[in-house]
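Just below is one structure, and these are the notes that go with it.
Should a chain be cited, it is by its letter among A, B, C, D, E and F, assigned in written order, with residues numbered from 1 in that chain.
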Amino acid sequence: MRFDEAYSGNVFIKSHPSYEESSVVLYGMPMDWTVSYRPGSRFGPTRIREVSIGLEEYSAYLDRELEEVKYFDAGDIPLPFGNAQRSIDMIEDYIDQVLGDGKIPFGMGGEHLVSWPVMKAIAKKYPDLGIIHMDAHTDLREEYEGEPLSHSTPIRKIAEHIGPENVYSFGIRSGMKEEFQWAKENGMHISKFEVLEPLKEILPTLAGRPVYVTIDIDVLDPAHAPGTGTVDCGGITSKELLASIHAIAHSDINVVGADLVEVAPIYDNSEQTANTASKLIREMLLGWVK
Amino acid sequence: MRFDEAYSGNVFIKSHPSYEESSVVLYGMPMDWTVSYRPGSRFGPTRIREVSIGLEEYSAYLDRELEEVKYFDAGDIPLPFGNAQRSIDMIEDYIDQVLGDGKIPFGMGGEHLVSWPVMKAIAKKYPDLGIIHMDAHTDLREEYEGEPLSHSTPIRKIAEHIGPENVYSFGIRSGMKEEFQWAKENGMHISKFEVLEPLKEILPTLAGRPVYVTIDIDVLDPAHAPGTGTVDCGGITSKELLASIHAIAHSDINVVGADLVEVAPIYDNSEQTANTASKLIREMLLGWVK
Amino acid sequence: MRFDEAYSGNVFIKSHPSYEESSVVLYGMPMDWTVSYRPGSRFGPTRIREVSIGLEEYSAYLDRELEEVKYFDAGDIPLPFGNAQRSIDMIEDYIDQVLGDGKIPFGMGGEHLVSWPVMKAIAKKYPDLGIIHMDAHTDLREEYEGEPLSHSTPIRKIAEHIGPENVYSFGIRSGMKEEFQWAKENGMHISKFEVLEPLKEILPTLAGRPVYVTIDIDVLDPAHAPGTGTVDCGGITSKELLASIHAIAHSDINVVGADLVEVAPIYDNSEQTANTASKLIREMLLGWVK
Amino acid sequence: MRFDEAYSGNVFIKSHPSYEESSVVLYGMPMDWTVSYRPGSRFGPTRIREVSIGLEEYSAYLDRELEEVKYFDAGDIPLPFGNAQRSIDMIEDYIDQVLGDGKIPFGMGGEHLVSWPVMKAIAKKYPDLGIIHMDAHTDLREEYEGEPLSHSTPIRKIAEHIGPENVYSFGIRSGMKEEFQWAKENGMHISKFEVLEPLKEILPTLAGRPVYVTIDIDVLDPAHAPGTGTVDCGGITSKELLASIHAIAHSDINVVGADLVEVAPIYDNSEQTANTASKLIREMLLGWVK
Amino acid sequence: MRFDEAYSGNVFIKSHPSYEESSVVLYGMPMDWTVSYRPGSRFGPTRIREVSIGLEEYSAYLDRELEEVKYFDAGDIPLPFGNAQRSIDMIEDYIDQVLGDGKIPFGMGGEHLVSWPVMKAIAKKYPDLGIIHMDAHTDLREEYEGEPLSHSTPIRKIAEHIGPENVYSFGIRSGMKEEFQWAKENGMHISKFEVLEPLKEILPTLAGRPVYVTIDIDVLDPAHAPGTGTVDCGGITSKELLASIHAIAHSDINVVGADLVEVAPIYDNSEQTANTASKLIREMLLGWVK
Amino acid sequence: MRFDEAYSGNVFIKSHPSYEESSVVLYGMPMDWTVSYRPGSRFGPTRIREVSIGLEEYSAYLDRELEEVKYFDAGDIPLPFGNAQRSIDMIEDYIDQVLGDGKIPFGMGGEHLVSWPVMKAIAKKYPDLGIIHMDAHTDLREEYEGEPLSHSTPIRKIAEHIGPENVYSFGIRSGMKEEFQWAKENGMHISKFEVLEPLKEILPTLAGRPVYVTIDIDVLDPAHAPGTGTVDCGGITSKELLASIHAIAHSDINVVGADLVEVAPIYDNSEQTANTASKLIREMLLGWVK
């Protein structure tokens, strides 16, 4: 019994107690106010942490244990409910600070729009940044029913910001005709339906480059991730997503930041989605942080 | 079989086909982006309409049938996801038009903030407007963690707009100390915990006045309305809420508009909350529209 | 805001407003009274329409948009609860009218027995009709515990009606020994367990023929369709079912009608089944209606 | 370990092993095909039995234990899915046999229509039969959308069969205007909204008479019975229903049969409805069988 | 943003950061291995903390704010899964330490057996201890199917330990005949069915005495607490339980420890039970800690 | 109607009425008290039996019907809640008796620890016993947080008992580093991630030997078995598990006992896990009992 310090509560399993000594910062971005379909991903980070207690600390895939990576779970960024612009600004400031302290940011969403300010902040530090994007949806809209700040727009924003040729999307199975056309006309890579095989082809071309990886949990088939805002059948299996994470781990790219977004626990009574997300984060930490 | 006209789809049971001939307009306000706890009330209006098919058209309480009231279900107002200010402006414009056409607005939420632009629009038409408010929460905050547009603020806004002495809250069991103090210091009526008995005392004092009635479904105990954003025990029963609606029906006030908000279907697998809401709306229509 | 016409309510996304101008009629058959296990598919069509709002209007698989196909969502046929014979007669009359008006019928169940009167009506118009049937179950019983009108019998009925050699079943993994024997002895085609590969072999043999396609959602593994009456493991993935729909789209058969049945929303809190069904219907419309 | 006899499986707790030695027969009527709203009560009896293992065998209300009453759980009557007429005939035959053997029938539904053939059979044996009916709904329709065999009709049928003046309904809060009028014009007793107080007034007038008691679980408020087909707010509490059962226990009427119907487990994840039903049946057995 | 200290994570709202400066220690006892019916209360404390974020910090009942009471959330005691004896020993040691440090223990269960070692430890410090027990069940068994360590036994154990005349049970509606007899023969107080009225009568007789209050959430009707192991209808409302807590707050007894047990979140998708529990704990802290 | 014998209740479909005449005994081991994560598997056997009514009696995979195998469903062993040691002893005694009577034991869990006493009993009868183990987890711990009786330990116990070289694990994707090392150093076979292919390689080496097969349902991906205690993504499909069962059926090993454990129904509202389990048991019976 330890009464000499505050109960550390619900943190991701094996989180390191010291921010200074950690090389990775794990944080939640509990925002879901611009989603056009089902909200609820604000509770994703909390539930992922809660169920992480059921995880093994060792990866049988990577033969590595969590204590070999120093990461600090900094909790959720306290975002202002219903104010998209202020939320985005706060996230960018937050990431600026994390990067300024020389840490690698690992984020948990929240809706996918949260990735935009993170990627923007990282692009300031890494001018030759590449983006690997796994998702069911293109997320290449300019606006959604008049709103430029929408969960349908983050990839368009970063593509315009760093150049579409530096953005690689995988597993895409839904979008507007115009989105696919824009990607094609602007030299952005989109792999439809599949992730692992096209990723293996792309990875060597990114060798040595700094890369941010953003994963929307709905790249998984709804069978494997029912707890998300937009369930879209025809997706990949969790086995394939794990293999894709491991392919990145075994590649020569330099992962300078990553996120996993759109876990919405309320739509999944079995909590398999949150449990899967916590295992994916374990593999991302063990595989991508050298 | 009628193929000669568009399938009228999912409308509230017995909705009249003509807007012009109707005296009441029933509409949904599918907004939930400023809520500080659990979102999901955007789907309230759709589900309330869907389950209304299970309703009897006759009220054994009021001995009246739905066909005796002409109301037009106008569907949901297409609000911009994640943009609170624009949503509020659109609702106010919408209500201006409904009132301009001489119709009585009956709204379905959505979060409670949607009531603010409705009440504001109605106050333009009825300078001596009174507000009857049934809720678990005071909703008297000036802002929520920096945001003035929050589901915690609508009653404060209307109270400041028309004068706190014209606002009567019932069933309140949660709020900040400062909210209760503000109400007390400014002459606003708050009945804590109870609805029916204090309402019966207040109603005669409002005789002849135009009154807007706004009901947050969480005035009910969670046992009676588990499907809402903030479940707060210690509430009233559905029997008491029905009796309160009937007390208004039997009073001499002039109901010039009404709403029922905060039904969030995803938290209630039995769908009792949506079913209850549809019955409450039936009783409101039958009891309050002469 | 459009107050000049009735709220069109809960219709399948992009449904055309005019029956006359449409080439396809989409309709629900909310019947589930003869099921031997779990009822609830009566609510399938309503929920499929409701969630269709989350669909993209463009298919990244077929490079086609919904507005390129004119279909009219005619709502649900109002079937008499608990009366199987009368329900079947009403459905047959309904389809007779749809066909008489030169429209292609696309149905949503409801239990699988509803396909029987549809196929019977279509066989009147197309004497050389072929049937493609995707299902976990043979549905070849003569009766179920004494009842000839049962969800276990529709394929037997149509096979006896148009000749077993014109019926092709795929994905079958459950049935009585006698059912498989009857098929074998009578020249009816059954592909056990698999759909895509055997379908690709059969399609060329049906080139140019009018074909009705009936899909029981339980051909999918329960992982991909938990919301159905009889969950039977060992099924195909949604990716495979999509590919099978596309194989038909790319074949030379003439789809003269189709249905998707047995979606029972209550057994699936994530609503992935209804969402999947709505995407399947989009692909069926885009791929099968030229 | 007893391997010398068949595993007795899922029977209501403390069921007596011998039919001959029992004075009460407990049976399920797993029929739900005529319901106009949500089906699923076919699984009511099975689930009630299953959860009965959580019951205490002693009633603190009646100071009596289950072993003081000999009842035989005969399982479910194997009704033909989707065939209302044949189901009703089978139930009547079944009850004829139970009554012929001198046993008291205690039934578990299933939809409310199952009570009709039971009451009809009992009326043959007891010409001066009275009916006590607790329900949210009148169930006095002649037919439902053209179907005379509907869950909305059983009380009308028995009222016409034994005379409306012998039927006493309690707790009624929903019905058509015509149903209430028919009751009024024909001398049938209806207590709206309340059960306990009006029941206490009626019971003395029935002293010494044979009475069948039929309880629709939806007489309870949905808060107390979310697991039913038609959830209708404004109902009584389980405390009040228990007290009503005890009022009958302490009266001088002769309970010659009883049922509890409309438990539909799928709509109640907490299983409180099935647990409540099993406790109600315990109290009915302990209180009504001398 | 505070990166200078470990994320304090999921603690009960407004928990004080210092153990030393706090007068109350709040702790979880995540044990559910001896329950005879439905397990799952091990997750009660975690979920209660998680949802406490939705609580107001001010009580409108007691006109007091949480910051007026200093309590330290010490997290869950790490109990050994499946070992009842060792768990009980660990809890007793834990409470000894809390009491030795001069703190008041407030526990969250877990199953009711966890209260036994707490009460035993407290009785060492307060020889004239009284127990107030609110529950649906007597919990007075000597053993359950051969096991003396069972969730059915804690009140019997403490009653034998401090004398049955010092134990007062309220709201009891289920138990074995022998349990009620034992209580009667040994001078232990049991109020059947009701809590508030008998409690008001008993409280003056306990004036000035140290009292431990143990509340099993199932004293509430399942309508108000569906998320518990044993749902037993006929219970009290949350309004009545709040009033009972307030009656103790306004009495002259000295609450020297308390617990709230048997919250099992998995059985309640609306999470009303955990939300209710967190509000009850707020009221217990504000009302019972002077 | 058969009133001449006790209602046989909820037994696995087509269970033979006579223990003596049966060659297989099917029994439940409703224990879940040592699980470290989510409990609830105590209800697995009951629910598997209940849903078995939805099974076909014929296997289209094996072309065999259930009546060709004589098995007796003996119900659940009445294990003492919360007492792991006594439970294990009772199970061992039970299996001793089953084996003594010359029957083959087929068990349904319950947590995985229940397999330990079964395997121990069988090893007494078959000195050259081999174990085939399908699972997501190694289950090779010596103890869990101090407890040697834990659901994480059964394979370690049997491996030490009969020699690690006789134990073959398949599908393993989680465990501690030490567990994998122990297996490697001691000659125990572990196939990581996959089941079918490595199993096909191993089976010939076991030809002619007596083998016990223990299947933890979580070897399936959570998509296929959400209703289990520890959901661990990256697993196999139900199609693959069925094929693995059939590979054993077509091999030359002698299955002398088997179990299927860890079905926890409460986490799966669709009940696909229990339905899948009942189908797996059908295939195990039809394929493994000659």
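Annotations for the structure displayed:
In the analysis below, contacts are C-beta pairs under 8 Å (C-beta built on N, C-alpha and C of every residue); 3 or more make two chains touch, one makes a residue touch a chain.
In this text the structure is predicted, and so the values were computed from the model without any measurement.
Least step count on the touch graph, chain D to chain E: 1. Any chain bridging chain A and chain E, meaning touching each of them, is among B, F; the list is complete. Shared contact partners of chain E and chain F are A, D.
Taken over every residue number at the interface, the positions common to chain A and chain F amount to under half, indicating a different-residue contact.
Taking each chain's centre as the mean of its CA atoms, B is the chain most distant from chain F. Superposing the C-alpha atoms of chain B onto those of chain E requires a rotation of 120 degrees, given to the nearest 5.
For the pair chain C and chain E, the distance between C-alpha centroids works out to 55 Å.
Centre-to-centre separation of chain C and chain F, using mean CA positions: 38 Å.
Centres computed as Cα averages put chain D at a distance of 41 Å from chain F. Touching of two or more other chains is recorded for residues 38, 221, 223-224, 267, 269 of chain E. Interchain contacts give a graph that is no line, ring or star and is not complete, per the touch definition above.
Listed by label, the pairs of touching chains are A-B, A-C, A-E, A-F, B-C, B-D, B-E, C-D, C-F, D-E, D-F, E-F. The touching residues of chain C, when paired with chain F in their complex, are 36-38, 172-177, 180, 192-193, 221-224, 226-227, 230-235, 267-269. Across the complex, chain B meets chain A through its residues 32-36, 38-40, 42-43, 78, 80-84, 86, 144-147, 149-150, 266-267. On chain E, the positions that touch chain A within their shared complex are 1, 3-4, 6-11, 15, 17-19, 25, 46, 49-50, 72-75, 77, 94, 97, 101, 269.
Across the interface of their complex, chain A is touched by residues 53-54, 56-58, 60-61, 63, 65, 221, 223-224, 237-239, 242, 269-272, 275-276, 279-280 of chain C.
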